[in-house]
Every structure is written in C-alpha cells, then in structure tokens.
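Order of writing sets the chain letters: A, B, C and D. Residues in each chain are counted from 1.
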C-alpha cells in the first residue's frame, strides 16, 4: 500500500516557462515526506508512518543522503492539491529509501491506498539516514519504526533513464 | 465582511531562526490573493471575488505597485493551514488596496465572515493595478468588478509603526 | 553616502510573467541587508556597517518589524548582479530604518558612494529591531553601532503612493 | 577539463537546521548550468559552452529529464561564492548529462581548469534534453554544439550509493 498525500501547489512554484520548476518538484516531495514521517503536535490525526520525533530537543533527526528523480511530463498550476503517492522501497540498518510518484489530485482521497496506476508527472527516490541528535551519528532503525512502516513497503521504484 | 482563505505552510518557509521568514510572509499573502482574485478552471467553486481572468490569452493581468507589512509576532511551522483574512480597503480607478491579516487556522472555516478580532501574526496591504494585457497599460475597473468586490470592502488597515 | 551592494539574481527569481517576482524583491533586499550589517568570518573585508554579530552564540540578533516597498518598473533576468543602494533613514533607540533602491548593476562599483540618481526598479524601507539574544527583548543601540552607521545616514525614503 | 563556476549563496538557502537545504542544492546547480549553457546578451564574455539561445523567440529550449544527487557533507552559509565544477559526462543524440561537484569557493579562480580533487559537498548529474521551440519535440544536437562542448567532456560521475 501507499500513502496518498495531498500537497498544495503555489503559483510561485512556476518558473518563467509557466510550469512547476524541476527544482520545486523536490520541494513538493519534501513537504510530502515531512507530512508522512514527522510527528507534529499540530496534526489532527497522525499519519501511519509518523514515528520520528523532530524539532529542538527531539532525540532524532534525518539527513538526506541521495536523491534521484525522473520528469515525465510538465505540471501546470492547479488549485486542487496534487497527490503524492509515497512508499518505502527499502529499509536498511540506519536508512530508508522513500519512493514517490506525483499525480493529479482530487477533492478527496484515502490516506492509505494502492496506486491508481496513472502516468505520474515525476517519479523519485530519496534515501534518508536517521541520525541521533545527541551524537550526530547515524543510528539504528528501531523495531517500533519497522513495524510502523512495514505496511507501506513496496517494490522499489525503477527508473527508465540511467 | 472578509474572505477567510486557508494557506498551507511549507516547512521550507522557515528560515535558520526556525520561524516563517519575513519574506515568505509576502509569499503566503500572494497565494491568498491569487486564490481570491483569479478565475481558474480548476477551482471547484469560485471565490466571490474571482472575476479577473488571467493566464496566456486572458484580457487582463495585474501589477503589484506597492506593499506594506507589519510583523506582530513570529510564526512557527504548523500543519493546519493558516487563515488569511482578506478584504479590500479601497477601490480606485484602476487599482485596489488588498488588506490582509494572517491568523492561526482551524480545520474548517467559512469563506466569507467577519473578523475574529484575534491578534494576527502579520498585517499587510498590497496595491494592485489592473493592466490591459493587449496594451500593457492600466485599465479602468469595470462595473461588474466593483459589484463583485463590494461585499468585501471594509475600512483600510492602519499600521502602528510608520 | 550610501552603500552600493551587488546582489546576484537567480533565474529562479523570475515568476511565470518572466520578471523578478514582487516577493523575491524582498529576498534580494534581505541579502543586501545581511551583507551590510552582519559580521561574518568569511568576509574578505567587512562592510563599514558590519557590527552586528550573529549566529549561534552571538549576543544579538535582529527582528524585522515593518516593511514597505514601491515597484517602479519590472526587472528582467540579468547576469550582471544588480546594485542595491542602501542607507539608514533613521536610527531609533532600539531600531533602525534601512532604506534601499535597486538599480542596474555594473561590473565594478564603489562600496560607499552617493546615489547615481537613476530611476530605480524598486524603493523600500525595512524597520529592524535589535534584540538581545539572551532575553529575546529589544536592546539599546550602542554608541559603537551609532558611530559605525553614521556615515550612511541620509534622508528617509519617501513613497509616492500611500 | 571542467568549468569552474562561482555561485553566490543566499542566507535564505538555509533551512531550519541552519544548513543549505537539500532542495536548494538543485537550485544552486541550476544557476550554474544556466550560466554555462545559455547565451545571454548581458554576459560580459560568454562561457565556452554557451551556445544555446534561449528566451522568447529563441529557436531552442531545454527540458530536464532526470536528476541524481549525492549529499556528502552539510554546507553552511558563506559569503564567498561556492565553486561548481561542471562537466559533460555524456553527449547523446538529443540529450546531454551534465555532471557537477559543489566545492568551497575562493576569491578568484579560472573558468576552465581540472578538478582540485577536494571532497565536494554534493555530486550530481542532470540529464537535459534539447527541444525545438517550434515543435516542442526533442531535436538533434548540432555539430557546432558538439564542438563547443567537447573540451569539457570527462568521465561520467559515479555515485557511491545506489
């Protein structure tokens, strides 16, 4: 299963070619990843994966180690938030590969669902490393975290172009 | 009456001091203004004020001529979209003064409502000029536009610090 | 006299209308202000005004309280850094009004010079408040700071449109 | 040989962790790529590779098809522009792989030089496709372009983490 996360576009995401800029795509995916993985007091109900406590005083934070993205078609400005399908392609000892597809949104959708199989605008993978806030060093992923995440582990994304 | 417009924060709106950056505040207000005033095919239902057609081929666009802002207290990251109260302080011949207050959001709120009177994070005014897309010159505000906007005309915002 | 500060544009400062976005203008001015007022280890030679130590552990930081801007003409992308003329319009007890005009750049220019008197792209004022990092409260501007800044005090900027 | 391109950081590139944000890294590389490959009236002297005419009315533009990046260590704010080493890892029929390493800058450096071999902050590759502005379709890379670029063709960058 995948998380289906709405992310609002901003008109300022457009570049001079009047499409969402290639750099901003990583910004949209970053916001989806934060929604999925960070605990936050302000959230009405937590996302299933939200087990990493962050912020000043929190025991952990994350470090982005690697990213890869494939742009399949241009995205114009839309008021309906786009839908980021997010899943975990691999859980390592201290890292995880977060996979995404960015799709057209809809007024409402389920938080946890299979893919629609539609052609996405972009497909991407981010490798994040969990870091102990005290030591600044990578730290082991806990059993609690693995359990929280196992429901959204799927086949890793494969890119067409290498 | 005022429009109450939800705007989603992004974690990337924070600066190194861990609050929404003073520049980004204008970005949030820009998104609220676009929501209020631009017609867009994609909108489920238009906002009451949305009478300016924009985009390639549209007869009009707008030019930001002047802005003023007052920062009252710092805004931390929140998942609940903030609420921008937006009204028109003055309609001129070819320009209008858009006033805003940025407040804490809530899961749901009315689109058109009086102010709550709460202390805002920022208060701001943008003077926008309507421009004829063909000539690139300012153009008169139409009777249709005045009618569409009159329900959200209120006293202009006054700043404490000058 | 005014500081003449070069600021590099980025292509990403353009919006879908292919000009530097009105919000980004505040970003450019923010970078000029930081160049002028922040001490930084990395600077080859400090700017005359650079007396505020910042960063973790520094005794002070600043808070932006108010901003006002007037847009006079659109700015297209250019590789030559633009020139921000920066001066102080007023020094208060704990605050100062930083005035700016944004002009076309040139390959080389003096750091401290009178205005050229050319028509700027934008004119703006930022009121910044000096804050004691320990207490989080505004703190008095010191005699040392007044001395450092007096050479760039000029008449406050006046706006056409109010 | 590689191009050595200075890119100015902005304080706003920092995120709440006080380092240049992982998304902004792509923004910095985008600016370096534009410097290298776009002809621009405003440039004092063109970069060796600058043979793609862009902008309204230009015969070509480019489309970013794929990007990959590896983050090796965090980058703090610095006033000295960083140095992007840029080379071409592969020239295809209608596309090219632009490789980059982001390094500490220096007050002055040569535009065309071998690598210093220092440990970079990030290493990345962008695949760009050349597009005919009239048809919107990919177009063949010309002999003139190949000649202009051959001096900066080097071994493609290899990533540690896959």
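Note that contacts are C-beta pairs under 8 Å (C-beta built on N, C-alpha and C of every residue); 3 or more make two chains touch, one makes a residue touch a chain.
Bear in mind the structure is a predicted one, so any value in this text is a computation, not a measurement.
Put simply, the chain farthest from chain B by mean CA position is D.
The chain pair with more C-beta contacts between its two chains, of B-C and A-B, is B-C. Averaging Cα coordinates per chain places chain A and chain C 37 Å apart. Centroids built from CA atoms put chain C at 26 Å from chain B. Computed from the mean C-alpha positions, the centre of chain A lies at a distance of 30 Å from the centre of chain B.
Multi-chain contact residues of chain B (touching two or more other chains): 11-12, 18, 23, 27, 30, 77. Looking at the complex, you find that chain C touches chain A at residues 11-12, 14-16, 18, 21, 23, 77. Across the interface of their complex, chain D is touched by residues 8, 10-12, 18, 27, 30-31, 34-35, 40, 42-44, 56, 77-80, 107 of chain C.
The residues of chain A lying in touch with chain D in their complex are 17, 22-23, 26-27, 30, 61, 63-71, 127, 159, 161.
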